[in-house]
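Worksheet: one structure, shown below.
Should a chain be cited, it is by its letter among A, B, C and D, assigned in written order, with residues numbered from 1 in that chain.
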Amino acid sequence: METTTERGLSKTRIEALSDGIFAFAMTLLILDVKIPSLELGHEAGLPRRLLDVAPRFLAYAMSFLIVGVHWVGHHAQLHYIRRTDRAYIWSNLFYLMAISSLPFSAGLMGQYPRQPIAITIYCLTLIVAGLLLFGQLRYAAGRGQLFDPDIDPRFIAAGGRRILMGPKIYLAAALLSFLSPSLSLLLCILTPLLYMVPGEVDRYWHLGHRRS
Amino acid sequence: METTTERGLSKTRIEALSDGIFAFAMTLLILDVKIPSLELGHEAGLPRRLLDVAPRFLAYAMSFLIVGVHWVGHHAQLHYIRRTDRAYIWSNLFYLMAISSLPFSAGLMGQYPRQPIAITIYCLTLIVAGLLLFGQLRYAAGRGQLFDPDIDPRFIAAGGRRILMGPKIYLAAALLSFLSPSLSLLLCILTPLLYMVPGEVDRYWHLGHRRS
Amino acid sequence: METTTERGLSKTRIEALSDGIFAFAMTLLILDVKIPSLELGHEAGLPRRLLDVAPRFLAYAMSFLIVGVHWVGHHAQLHYIRRTDRAYIWSNLFYLMAISSLPFSAGLMGQYPRQPIAITIYCLTLIVAGLLLFGQLRYAAGRGQLFDPDIDPRFIAAGGRRILMGPKIYLAAALLSFLSPSLSLLLCILTPLLYMVPGEVDRYWHLGHRRS
Amino acid sequence: METTTERGLSKTRIEALSDGIFAFAMTLLILDVKIPSLELGHEAGLPRRLLDVAPRFLAYAMSFLIVGVHWVGHHAQLHYIRRTDRAYIWSNLFYLMAISSLPFSAGLMGQYPRQPIAITIYCLTLIVAGLLLFGQLRYAAGRGQLFDPDIDPRFIAAGGRRILMGPKIYLAAALLSFLSPSLSLLLCILTPLLYMVPGEVDRYWHLGHRRS
């Protein structure tokens, strides 16, 4: 039943834990979109008060989508891995820790959307998550030899470049936040949307990602 | 182990993430049914204070059930899909975002059950979720060609009509909320119950949903 | 991969949703064990303040265990089911709704452990959950014909009696709560422990639960 | 589909519930890292206020990692189990209860990092969890006879010693907390990192863990 090789732990439960943490982190994000509380008799002011919720909702939506991007990337990576080892499992736990801390960073940014420190912490969380996912890929492709040997190395390299796109933009956004919080936020909003555009990775994907 | 075709990502992990988000969104809803807080020595007033919780409990119950309806629909759709692609995965993420934002909308409605804006936001969330699920179906049946080619197109069309029943009623409820919040709420309560009644879809289902 | 029969929805995703809701309801219960908040400079009073948390912790522990009992029972029931239908899926959703509302009832009881109304609501939640699980069993064994026909009917009958043990005790506890909240709580604590004792069901289980 | 033997309950759903509880307990921990709330017009004080969050973040990170350690250990144990029985399922539920109560203990420690009672409760939670996991291993290897008989008993013994390392250090940390909270915290931080170092268990693992 489990796709366990003789050595290392099974992929199935790594996926189960990861999918649980992805799903839960994505859903927890909504808790930071706080329902406005109005005193009895003043409920008519609700529409105006809901506008104040907008930055939090934006932080929720862009965080949900970028965790979705991570889920797709993590999913694709694990799909091609044949076996796991101690180093991979631990780097995966650190990676999941970064993902599961996003509800804090996203809540902070939703509450203080004009404070550079809040934007920077948000960006840092996603830079760390991106670098950890990239590190996992490099380890699996290199010293760990965890991938199927038939996989075209250009496919892995393209995947790595795609992962690094996020950290690069978030680094720019973090630096920009001290000059213009609004422009920095715009960059953060654009990033998950950029990942919706097919890229070099898809070419290999559709070719069947085998060495030719 | 995974039902991955050569192209596209595996259905198994899409189901795992989706089921996780459905399950959490459904369970998170209960957090909006707040326990009344009474001062020391006034605990005897608890029964009366529990009556105030009724609208929140109603919002919880009807939201739990409509997410259940969505889970059944999403489940049935994914069941007949043979392969996935980038567009399908992304539309699925947007769909799950709508589902995972329901605890906010439901909490808002439970707290302000007589405010048209609260009812409208609740209905809008479910209209968006319904349209996204419908869009996924159309894409999978049309341009994406993700379904098993043997499936009777009348089965898919019946499924589409069934999905659209929800958005239509919620649109009526949203408009009605500005005239009569109570009638609008009644419509919202009825919708998940309407989905319990078997429909045209079941006929095809029981026929084995193959072209005849 | 999925154990879907031609008719009805697959068991795999029903189990996935159910396990998600069970796991989440169990873990959410801990959120009602509130961390005492002490003002700066008065942290030395923490040990005494932690004693106040005891009733909430008790409510957490006994609720966690009874949900565990339900998980075992639900698990065993679904294990012998060969196919599902609309009625079964809907009764399952109502059952899961009762389970997912337990964090509210348990939190209420932890906060007001001496109020009969709080104990009664807690017991009612578990009576409803028990009766729904019993109803699912009866439907699956009777009109729905969802079980493997080889299963010994005495096994199913023994399972039904075991499920009903809970609702019976909780009914007694609810009535008793108006006379003696303490004795009523004691009954609630004992119930999950009673389910740890093997019963008639285990005899059939170990016989391989086939008609002889 | 399910790896159920004729006797006992299936491993698949035990894993599903366990992975769900592990994933949620890990993600729920972030909710205790509270976002500082600043009054309107005083948002510039955010960077300083974020420093106050540091102990809570530390409590989050070290708890996330130690639950990760438990997940790996539980995973490895269940991997070698061939069948389950009533006693194993119940000890597993008590074990999961300890794991799911960690968000409370970790939140307590993050809020009161210098109070011996808070550190002691945190350590006690992890001592109980460790002993329960150890007890499960002993039961499965001994009276329960749940393991594959081919497994080298030295592998199981090494696993048991590795599990007990945690409770031993947490016991020392609990006692130390009354003398020096800081040193005690340091021990708690080090424990998950110690588990990252390969040990005796890995030797057997890589040998294919069969009797020679």
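Note that in this section contacts are C-beta pairs under 8 Å (C-beta built on N, C-alpha and C of every residue); 3 or more make two chains touch, one makes a residue touch a chain.
In this text, all values refer to a predicted model and were calculated from it rather than measured experimentally.
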Chain of greatest Cα-centre distance to chain A: C
Angle, in degrees to the nearest 5, of the Cα rotation that carries chain A onto chain B: 90
Geometric centre distance via CA averages, chain D-chain A, whole Å: 25
Computed distance of Cα centres, chain C from chain A, in Å: 35
Set of chain C residues in contact with two or more other chains: 1-2, 16, 19-20, 23-24, 28, 31
Complex interface listing, chain B residues touching chain A: 1-2, 4, 6-7, 9-10, 13, 16-17, 19-21, 23-25, 28, 31-32, 86, 89-90, 93, 96-97, 100-101, 103-104, 107-108, 111-112, 114-115, 117-118, 121
Residues on chain C engaged by chain D in the complex (per definition of touch): 1-3, 12, 15-16, 19-20, 22-24, 26-31, 33, 35, 37-38, 43-44, 46-47, 50, 60-61, 64-65, 68, 71-72, 75-76, 79, 196, 198, 202, 205-206, 208
